[in-house]
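Each of the next two complexes has subunit A plus one more chain, namely subunit B in the first and subunit C in the second.
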Partner chain A sequence: MRFVDEFRDADKARALAAKIAALCEPGRTYQFMEVCGGHTHTIYKHGLEDYLPEAITLVHGPGCPVCVIPMGRVDDAMHLAANPDVIMTSFGDMMRVPGSRGSFLDAKAEGTDIRMVYSPLDSLKIARQNPDKQVVFMAIGFETTAPSTAMTMLRARSAGLANFSVFCNHVTIIPAIKAILDSPDLRLDGFIGPGHVSTVIGCRPYEFIARDYRRPVVVAGFEPLDILQSIYLLMLQLSAGRCAVENQYSRVVPWDGNVVALRAIGQTMELRPYFEWRGLGVISHSALRVRDAFAAMDAERLFSVPGVRVADPKACQCGEVLKGVLKPWECKVFGTACTPETPIGTCMVSPEGACAAYYNYGRMNRNRVPEATVPAGRP
Partner chain B sequence: MSGEEETFGPACVSDHCITCADVAVEVRIARLLPDGLADVDTGAGIERVSVALVSAAVGDTVLVHAGEAIAVVTP
Partner chain C sequence: MTAGQTDHAGGDQASSGWIAGAPRSRDHAERPENPAGQPSLPVSDRERQVLDRIDRARRRRPRVREERITMAHGAGGKATQTLIEAVFLDAFRNPLLEPLEDAAQFRVPAPGGGVADGLAGARLALTTDSYVVSPLFFPGGSIGDLAVNGTVNDLSVSGATPLYLTAGFILEEGFPVADLLRVVESMRAAAAVAGVSIVTGDTKVVQRGKADGCYINTAGVGVLPADGSLGVARAQPGDAILVSGPIGDHGITIMLARGELDIEADTVSDTAPLNDLVACLRRQVPGVRAMRDATRGGVATILNEIARAAGAGVLVTEDAIPVRPEVRGACELLGIDPMYVACEGRLVAVVPGPSASLAVETLRAHPLGAEAAVIGSVVADQPGIVRLRTAFGGTRIVDMLVGDPLPRIC
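The block that comes next holds the complex of A and B.
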């Protein structure tokens, strides 16, 4: 564990643990959601829960784009990829997401032309090399990835490339957070706000959470100390009876986001009236589609996609995990039928999915540091 | 599949997945190129990424997500 290797960090972490514990009101419990899968990964990898008192629970949110892709969209993408005129291109983690008839990887093994790329720019290159094929980029991700897709579309247009298109599955984080806040299953005391999404959208879009729902939000970085510091800031707000949006990650996140990137997204994409999220159901205005002006680059218009809704496998409890209602290990197939090698549900696919993060690093027993004990007998 | 897996984007430099959720990688700009592209030093080698959406100079650290720099990291 990193803290052991770098003991000064461990010292800082313990100091923060003590400060957090000191702010816990005796008898009160606290539930904070880390919206972003990157935070989930850091929390499990570094055993951050060991630095938190028992009274604080971290709930893992829906911020892993692979995990929220519903099965029907995977099936639609497989349908596109099966077209002999198409070369499908996809990020690596998307390759393993199971649809109802297997994953991209399975289809690739059977001879479908699906290629893994690290960036949509790679798809452009493949398009240039294969002028007789239509190269479709399987676009997924939150506002962190949407700028990359947008810039690639703008580049394709200025290069006059006619054989590049996008199967757009970009989603937006705010409606998902709102759906969780409106969900009756969950009582949350505050949010650890997504770091990198916020470099693009800024901190303002979270203001409604503090204003209308009276919950504090702290936009957090990805180092273990960033997350502990953010939990400390949340606790400070709660103990002072405040709720505001704060930016712990100001070394990277500008309060107003990246205006140029937002403009590029706005030029190429627009909100869909509704989109289905795995586990959260249909959420209105929660995803992006290609704008009319770029219709020639919209794979959904160039090819017909079946667009059927497919129910998740019966055994799968990803929905509950994504909403934070169930802990990963409470799913009946966790670690038995569902593992990172043979995922049944999406949360097992990406290392940022709560199930995979827990499977890889999880320990059933916490080894809480002594500093994380709430001081007893306070007046 | 020679050549076709050659990439622009940063290699997966950590065990985070590069596409996913909210994680991007910090890299240093080594050389600015035409068309809003740049060669960046990932610590593990030089990669080509787009810097069209940020205003950054050689030597700056930028946050790259899926081959696109989305923010400049202030030192």
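The block that comes next holds the complex of A and C.
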């Protein structure tokens, strides 16, 4: 298939693996964080680690949209959905995220009107079909999905639709990356930058990583060769002693981002003073809320939500996994009490969650390709 | 799910330092560590221990934890399996049900335990299936085709020659008679093609809103040959695994026919009776170990059933699995793996390794098996686990389906 197969070419992968292995300094180890959950999914789904030498470890980052939604916000959403005048719409990913009293899917089975949509625009269709109900869209995700929520709000306004609102849970990626860089706990050698977020925000926001923290960043695409090539580009920078932001995903990501999308977000949403991230706690200026000008589309103002912080189950170590401090299988409940069918933490729910990706795809003995061997005898 | 303690969010908690909490909570982790904080075992060994623990957890007796039925219980994946084993098998347990094959197989007892005569001693296969597909009519068929072919196929892959079917209808008040006539006509035609008769039936009507137009249940009985029983538990290392054609056509066709996705593609359901294809395969290829028709849960679920029942590993090659470009494209767009998408006229067969090429030739000689292929093999290592060699050249697991990406597909 065009535009897919050329990015999954095993011969090219073997050639890249050999080049990457050749750049490894004997005795040195490398830790690269893939910030985005979409990358984590690709890495496991295609078995990309088979191509990496033992010296290179991929650390999974916090960029999984549903993983970072705290239990309290799920409970708030369930509270909204329980209102008989409300139809809640949500992306499929969100349906299985556990709140303190079960997930959307459980609520749906009990008769709550929660509908899965593929695009927020589908919510407008539902709103038109149900003029006597308030249709609330559960808006989640980083800068990747925020523009589609914003465009939907703008469309609803121009269509004069009075029964559509948004429960806004959009978060921003830069504060999360900054917090990871400030961690005393994690020694990272570089970042595989989030591709889809960067289609919106561009590459400039990452410049502080190279400038202030002296770490290379390569914004990467989502096919396995994209990621392997990005690792190669990171290794090239390290071996040359360089630190820069590079754009591997230039076929999609403009250096300055998408001005139209950014403007739409700016028109409809603004930064919150603080927001709670699941497992990570409260991070200031890390999320978006609906602007005053769109108050009539803000479900948090239209309805009262409990707004209660709910602590994660004690056994759950999603926070450590999201920060890259623990590998998925190092969590105490991984694969035993916490599985994709009965998830305790969010990282086991979303296909982009590190735990789900590892459990579904990576739970086995791995054999590296011969090319991924660091040549002996290099100085 | 237990709720933790709760407290009200406030502005004063808008502090930074979530990362600073990491080393603290890390100290509580009950992992073997030496004083220097370094793992006391090499990573691979610790990881191995965790994987072994998970393996034991997966073998535990299944238990339904949900308080209510969710759509996932009907998706044919893990939740369905748990429901069947923890609820139905637990209540009805008997030697005929226990293998959980597509059809129960039994020998007709002699009347009064006396001397065998007539039918007595014959081996029969019995199966049943309900059909709730939405929409009722779709490119390539209708609920009527599925209701006949699905039951014929369950009998066929268990090795039986299908003979007679029953048909039970649950109709909703207000359902157009013209639609019912179309459904029934497609059942008549499908039965004629499969060479079976529909010999008894039942009709119920429920109030408007209590059902979605028309649901059908069919049961079927078939006769088994005197020898050569089949079963996925018979698979053994060295065996080859085949599919009879491109996978996922039916599931994607239904999904697109619902018109909710604004994706257009020329896909057609693969619904077809497999009894003739199965007969050809069994006639020409000795020692066929097992066959399954890949319905809900897709080929991935069957591969897992093979690995589990045979206590062996399964290794398949992504490049070898036939998937039509339209189906693959739709799956890429929707983020669905074709390995989990339902077929209604494709079978997965396990044959001894040396018979693999003969089996492929035999299937390809039949119109329903023209694009048959060997997709993998049964292996000795990593028992119970299905591994896929990806087109990219890496390796990953293919697990049972979790959740329900495509409800009401058949």
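Everything that follows uses one rule, which is that the second predicted complex is superposed on the first by the 369 of 379 C-alpha atoms of A that agree within 3 Å, B and C clash if a C-alpha of one lies under 4 Å from a C-alpha of the other, contacts with A are read in each partner's own complex, and residues count from 1 in each chain.
Methods note: contacts are C-beta pairs under 8 Å (C-beta built on N, C-alpha and C of every residue); 3 or more make two chains touch, one makes a residue touch a chain.
It should be emphasised that the depicted structure is a prediction, and the values quoted were computed from it without experimental measurement.
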{"item": "Contacts of A:Phe294 with subunit B and subunit C, given as first, second, both or neither", "value": "neither"}
{"item": "First (subunit B), second (subunit C), both or neither touched by A:Pro351", "value": "both"}
{"item": "Comparison of subunit B and subunit C by subunit A residues contacted", "value": "C"}
{"item": "Partner chain in contact with A:Phe164 - subunit B first, subunit C second, else both or neither", "value": "neither"}
{"item": "Which superposed partner A:Ala179 touches (first subunit B, second subunit C, both, neither)", "value": "second"}
{"item": "Which of subunit B and subunit C A:Tyr118 touches, first, second, both or neither", "value": "both"}
{"item": "Which of subunit B and subunit C A:Trp277 touches, first, second, both or neither", "value": "second"}
{"item": "Touched partner set for A:Tyr206, first subunit B, second subunit C, both or neither", "value": "neither"}
{"item": "Contacts of A:Lys314 with subunit B and subunit C, given as first, second, both or neither", "value": "second"}
{"item": "Residues on subunit A lying within both footprints (that of subunit B and that of subunit C)", "value": "45, 92, 118, 122, 351"}
{"item": "Residue ranges of subunit A touching subunit C (in the complex, touch as defined)", "value": "1, 4-5, 8-10, 13-14, 44-51, 71-72, 92, 96, 98, 100-102, 105-106, 108-110, 118, 122, 179-180, 182-185, 224-225, 273-274, 276-277, 280-284, 307-314, 317, 319-320, 323, 325-326, 329-330, 332, 334-336, 339-342, 344, 351, 359-367, 369"}
{"item": "Parts of subunit A lying in touch with subunit B, wherever the complex brings them together", "value": "36-39, 41, 45, 63-66, 91-94, 115-122, 125-126, 129, 140-142, 144-145, 147-149, 151, 155, 194-197, 199-200, 222, 250-254, 258, 260-261, 264, 350-352"}
{"item": "Residues of subunit C touching subunit A in the complex", "value": "1-9, 11, 13-23, 25-26, 29-31, 46-48, 50-51, 53-54, 57, 65-72, 78-79, 82, 260-261, 325, 328-329, 332, 335, 381-382, 385, 387-397, 399, 402-403, 405"}
{"item": "Subunit A-touching residues of subunit B, taken from the complex the two chains share", "value": "1, 4-5, 7-12, 15-24, 35-36, 48-50, 52-54, 63, 65-68, 70-71, 73-74"}
